[in-house]
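Residue numbering begins at 1 within each chain, and the chains themselves are lettered A, B and C in the order written.
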């Protein structure tokens, strides 16, 4: 583009100002990408659940358990292919509540059939299923603590006993499919029930033959147990996940509100820069008009200059964030498993950078376009 | 020789758009900072104020929240009959063995949330002096009646007086609303412990809270309870027990506040640097004159720093102004320690506003330093010659 | 037929209730190849007249035609395009862009045309040759003397081969020798390249170079 050089020399006229402005845009977009990725990560967590799996839990609350005896009846229901169950162990490592990760006691025989997402080498899977005290651990968790296959580690449970240490031997390492956490810890439910009299299934997971029967199955189950001592609540796994994620509160709204404030703060910085730049060049604009540069062209040149600054800043902020978060494997200290900067987030970030450029250039560009030449020249000459 | 401040104020006023843009940018940073800190403070206050320093809360040994605790009826009885438990006017111990469960209630807006249902003894309102029935009446012992905390009222279905809420396979009639000075109790449902116990899980209390005769004796009381061979309990001041529950989320929110405001501040500081450099170069001839008149470079430096601080002060005050309306706005989140929903208000306190202004001034100082130094180091002759 | 035709031209400023006429009812014809010098004291409206001819300002009444095209009837947008083809403007203070080299400054008007980069290069080099600064193509304005800067500005004014060259006190800021060089150059543009020039000045030495002199004083144009 033949005007490229003209834009370039204007950008480099006050290098410090251009660079500082681009950097402040970069800071803003870094923040945007970080905040937005928190949102998309949480949203993805909602979508993890399958529509063809259902979760049956205690109607009062997830913190209450269900009798083991429910397994038989649930398995016999028409349309239910397989049933498994799990129990929330709330394990902590080294006795430190900060060394916390998702830990479950599961029925190992049925669990893999219901959760094909857990990709495990066959020999490790067999080793895990064979040994009563064996554990299966996600790749991320292995990395976090530098554990090795075959290593025995001790956990205490915040639910069953905060003082007793339970030894587990890592026999399998699973690689999660996309969206599944790589920081979970699975072990035998049988081991749990041996160690404590309190443990019962925390929830049942039902694999259906056909997801279109989900509503009917849920109604049948909940009706069946309605007047028992342990009433149930059955919903699809996706609905269940959504409920869990909503416990983070209204993060989305908070992030959007903050994002808006960031946008306006940086818009002010960028617009101020462009206005300062334009003010210094008033006479030059008048000269260009004398040479025959049209109002529209001058308008475009100022906007292009502003957009060049914000896009450069945007590139730095957006992809800097992406590289940084991916390079460090950031997971929000375990609160945001699967944290990632999506390409759609990066694209949106660049779009925002472009918008910042357009808006920040608007006032000075309009001023340049409307500049009365004769009056300006008289003032200057 | 000092350069009078009025000189800076006049120069700030000469460039109103640029000054305002810079100040407003800083103001937005301050707003975000104050808002997030106010969120963190509000949550912390709601949880912390739940407990009193004069009360002791007893749970099963090792439990750090009531949900994980379990105390048998005999354990509760043993604790209540101890001599250090204060007595009410009728000679009854000021103690409340409590059932603590989570129930899933239907939000009026959308979806469900877990709410604490607390079964208390009729003495609970004497043990916790801050909790008062503000509408309707106290529940009658022996009846399936409940009181609803005022922050839940209007947010969940069936919370008005006379309506019923169904949980634990029973209908419970709402007979009153209670307030607890903004604490997390206001997000709870209270009923009689002897009614809740059979409805939930049998002969177990989750905690016993009692008033001490003399709060100064706490250490010895704790010692007595925790070493009693009949009991396997841990005792804490009620205040500390709840304060600990707020630590994690408060830390997360404070970290987020500092992270977000910090990065925004970088952007705003760069904006201030730009503005101040423009101010310095626009006034190069004036600076030269000042230097020629014998003003020391240090005076020029401090004068420009002053100017940056004036802009920052405007920004800080704007931020405070924007943040003020947030005070008192109710919001809710999940208390991760108890997995229940807690409603609380943003707390914009004077010290938080002061911090916001200091934050802005720090941005001004950092943003103004290099341009001010450049002004002070400017060679006189060269500057005077420029048009 | 005249190349430039000014009919009943008036420019009146309105300040509050007060009517401040710069000039009223001016008529002027300039034929192609003319080198007309317009003289007059400061504030007499010389520059205003020049700006009106270049379409940079709007008259209160009257018409201006250049090669038959009515400048005073064009829209802002058409004016910009028209200016780029028909008017070369020379300022007292040169008004080169400090961030561009001599070459790039001269190239500016050509950016508005459809010429290829190669064609633009040829035009610029020719213009530089005409003003005698081929060896200064890559110099920035601050590396040039005042006289050289003005010659670059002249090259910029002629590079798109305009119909009319308008010069506003081109020697006003130059020392005597540089002023002579610039005037000689303008005379040569008129003689050799047959450029039509309207030069505004109050410098008698500059006036002597023109074919004809007109005076604008107190709003009245006299020959």
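What we mean here is this: a residue touches a chain if its C-beta (ideal position, glycine included) is under 8 Å from a C-beta of that chain, and two chains touch if they have at least 3 such contacts.
Please read all numbers here as calculations on a predicted model, not as lab measurements.
Here the chain pair with the top count of touching C-beta pairs is A-B. Core chain by CA centroid proximity to the global CA centroid: A. Rounded to a whole number, the gap between the C-alpha centres of chain A and chain B is 26 angstrom.
With centres taken as mean Cα positions, chain C sits 64 Å from chain A.
The centroid of the Cα atoms in chain B and the matching centroid in chain C are 71 Å apart. Touching two or more other chains at once is no residue of chain B. Chain A makes touch with chain C in their complex at residues 2-3, 5-6, 9-10, 12-13, 283-284, 287-297, 373-374, 377-378, 380-381. On the side of chain B, the complex with chain A involves touching residues 17-18, 21-22, 24-26, 28-29, 31-32, 35-36, 39, 61-64, 67-68, 101-104, 111-114, 167-169, 200-201, 252, 260, 263-264, 266-268, 270-271, 273-275, 277-278, 331-334, 336, 339. Partner chain A is touched in their complex by these residues of chain C: 47-48, 51, 54, 56-57, 76-77, 80-85, 87, 89, 91-93, 95, 97, 99-100, 104, 108-109, 111-112, 117, 156, 160, 168. Across the interface of their complex, chain B is touched by residues 16-17, 20-21, 23-25, 27-28, 30-31, 35, 59-64, 97, 158-159, 161-163, 226-227, 231, 233, 243, 246-250, 254, 257-258, 261-262, 264-266, 268-269, 271-273, 275-276, 335 of chain A.
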